[in-house]
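Worksheet for the structure shown next.
When the chains are written out, they are named A, B, C and D in that same order, and each has its own residue count from 1.
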């Protein structure tokens, strides 16, 4: 009943994912450059392939879960690469996090041979891979994405179709852009609290009660800029002033404030766009203008 | 029953705050450079003072709610400033957002005359001022802060004593540092989504399901670095790699990514501190080291 | 013969400057909060004043050379401040580096009393102060600036009249903005060379042969953007690409590259302004547009 | 007499370079994906090759001058790539600007076949390519670099051997890092001058008289930090203060100051390293410590 899956790259993420496919009743043939990892999966019921082409051969679906674009390129198009074994109609799903432009390039080459290509990078952590509770962001044509669901559902609890080929990667990178930078910003705020002689635990608890800790995406943005209301709840000019004070304090304390220093400049940009007296969420409107060139 | 309060600065925030004090049964004498604002309050039951000294004269408690440190300095120590009218034991509460070092300087001068000084800047918006639901961050000696509660409770629903004089300002600035920079970062992420051809509304909804939208303070930090566990859920090195990909994508799209570009450097710093294979929350530990000089 | 000068603030810079005024034949009355410094100048022929007002009293010209705006404010307008002793027609020269907006505020108050105000902050180092070879950037009305020359010429070898009151401070801050940030950038480049295993001395010598070491102001700018020629000698797009490569290399090496990361974003902005195929000096044109709003 | 050279990539830079090799008496066989460019060179005496392998076949020396690493990879290792035609002892010189790590990877593959590999990216502009006056930064083994000189000397007037394979690319990227970021900084300073109401031409001329315009590499660095003298000519703490003032002014003017905002943080770092009272060139020492981990 289950389909036949070739799974290439069974490291931290790929290993538990392959196990979840086995558990869901698929026949899984695995390949990894590290043979010990492959041996571990054999015990759990996987077949072992000697190379990527062998893993892909006769598979209904081929999945790659590899570190970077170079690895995907080599697993697909290198010596005994999977591309040589994929037939017209084979479903190929790349779940690695790679550049969208690389993803599009690989898809282009594979489609020439009739392969159906879907990108489906994942969010969350290795524990979520084990638990089959990944967030999966998918790019590809609707029909291909539908076929892919049978293989993605055992792996994640949230599957989001984001658009054509590459759109999964783009969503993944946007999400990671935000979470990774936010981590650096969070670190600055807590270190600044401690440098100021505050109790960082109290600071964290204060911030968890404000947008500082709760974020803007579910609070100020839907309440203001996203519904087109820029009457000031808190003004761009006041935010610009307060960030100036915070940076002056950080300067006196020698607390690192790299992201805030740059964010201060973003408010300057919003002021140059004539948005000083608008709600602080107008920063989004101003930045959008610089990027999209709609208005000025 | 109520006490006698001198209230200086009845603009966007101070006006509704003075009204809430009247409503709570205090006698309030107000002063503002803008006489129309004062007239409005007179109708609501406030007495009108001709200058800051007159507002402060014979008051149990003097409150200032002014734009910047310069304004506070002039309302206190300028011609007919409030300082001339405050007596031994008068309680002075500055609720403006100003530099902690200015706050400490003003407190120093007032204490020489026996005045009890508390700083109590506020968080949230003007609507919260109207509703008496401000977040109030307080600095000062315990006894003074206790006396201040009678005047703060009508104004806010969360009153946090953060430490000695200036600590209220420090907490306020740390909180604003975080929320103001986070706004700029949020704008970048949503603009990047749109530049990438994604639906920004879908991107927002995806991020609301991850730490990108929910923040680290209530999620990854308590689960990892704050309890001393740096075994990787998601590795610094992977975050560094993914931010590199996101920046490369942003570069191809010409999407603005100022904060992320700087955050990428912060991960470089964590790697230099030997934390590449640790959990990404180790960025906090690394930044703390550079600021506190504990180790490394 | 010489005029009578009140000199307030005789520290690292002010001390040697007062000596040069004595040497030029002026009668100099000095005041400093640090009495040892004053004593040293007494031996060299200065008169000693007990406070700022006494130094200013009966002087043709009063000069301040103090650390920050707060100090200038207190020396002028504090207890026994110089302002009380200056008469209609007294020439006041502030040579401290302070905020232009503070400078304008002080000038406004002094002019009300008929004082002639000039700002004349200095560039270069303490050795140049000793040698009378400072760079002096002057703001004020032409007549006042002309009167000031008699007092400035013994102190510096380059005296530049930059515009009305505050213009000297503005020029000073722009100059320092550039030199101070350039120092941080220079440090990054040399550290990156060493992190890459290059000989930093060889790297410095290579860069001294290119605009990297020689700067753009006297080379590419006059050759291209400043004469309106944006045909590409080196294209914005190529510079954007090369900075991307340099940042990728820095990422692999874990070399700090904060300024470059941000500069990369500036090229993104130039590309968004449609200037990708223009000469790299078009970055100036693009930035000018965002600041001046001329065009887009 | 002349040697036989295969030249791949005859665009803006490669075209004039190939002409200079012809002029120096070499036999040059060229290939480019754009056949019109090849036709132009044929008139000037070059032989035309149908693909990269044909250009490389029987050549003493093969040169590539292509946009990016991907193009070099495909010209070498793609279908009918040059690698198939290079023999034991063929000298291969890549003059494109690419990532050092890519350069090292390609060299590794070619060396396995006995090819002698040199990287020799160039500095300066297309006009210098025409004039044979490029700056050429070379990486490779001494013997190979010596062989390469015969082919490089017609192309440039400065040839610097920087170290082993990849070192030429590294030097090139460090040099470009500096010059490209410096362009963005220069733009900020001149725009700030204009925003402040100064004459930007006067500002440029003032800065050309200071390290702002002349750079630190040939002035303050050799005079101070590079000879181990950190006694302050101009103190880190003062530079930190002055940058704070410049940023405050920029904030009031809404002038963009992204690089300065970040540079201010670098001075904070130097202060955290205990270097506040040292010469401002100590910023280099502090940054070096964070990167090299020598000291703290």
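We take it that a residue touches a chain if its C-beta (ideal position, glycine included) is under 8 Å from a C-beta of that chain, and two chains touch if they have at least 3 such contacts.
A quick map from chain label to UniProt name: A, B, C, D = Sulfolactaldehyde 3-reductase.
These numbers come from a predicted model, not from an experiment.
In this assembly, which chains make contact with chain A (Sulfolactaldehyde 3-reductase) and also with chain D (Sulfolactaldehyde 3-reductase)?
B, C
So which has more C-beta pairs touching, B-C or A-C?
By the number of C-beta pairs in contact, the winner is B-C.
To test your reading of the model: what rotation angle superimposes chain C (Sulfolactaldehyde 3-reductase) on chain D (Sulfolactaldehyde 3-reductase) by C-alpha positions, in degrees to the nearest 5?
In degrees, rounded to 5: 180.
Averaging only over C-alpha atoms, locate the centres of chain B (Sulfolactaldehyde 3-reductase) and chain C (Sulfolactaldehyde 3-reductase) and give their separation in whole Å.
Inter-chain centre distance comes to 33 Å.
Report the inter-centroid distance (CA atoms only) between chain A (Sulfolactaldehyde 3-reductase) and chain C (Sulfolactaldehyde 3-reductase) in whole Å.
46
Counting only residues that touch at least two other chains, what does the list for chain A (Sulfolactaldehyde 3-reductase) look like?
Residue numbers touching two or more other chains: 248, 250, 254-258, 262, 265, 269, 272, 290-291.
Examine which chains touch each other and state the graph shape they make (line, ring, star, complete, other).
complete
Give the list of chain D (Sulfolactaldehyde 3-reductase) residues in touch with chain B (Sulfolactaldehyde 3-reductase) in this complex.
Residue positions touching the partner: 258, 262, 269, 272, 290-291, 293, 296.
Enumerate the contact residues on chain C (Sulfolactaldehyde 3-reductase) facing chain B (Sulfolactaldehyde 3-reductase) in the complex.
By the definition above, chain C (Sulfolactaldehyde 3-reductase) touches chain B (Sulfolactaldehyde 3-reductase) via 240, 244, 247-248, 250-251, 254-258, 261-262, 264-265, 268-269, 271-272.
Quick one: in the complex, what on chain C (Sulfolactaldehyde 3-reductase) touches chain D (Sulfolactaldehyde 3-reductase)?
Touching chain D (Sulfolactaldehyde 3-reductase): residues 67-68, 97-101, 123-127, 135, 137, 158, 160, 162-163, 167, 170-171, 173-199, 202-204, 206-218, 220-221, 233-234, 239, 241-243, 245-250, 252, 254-260, 262-263, 265-267, 280-281, 283-284, 286-288, 290-292 of chain C (Sulfolactaldehyde 3-reductase).
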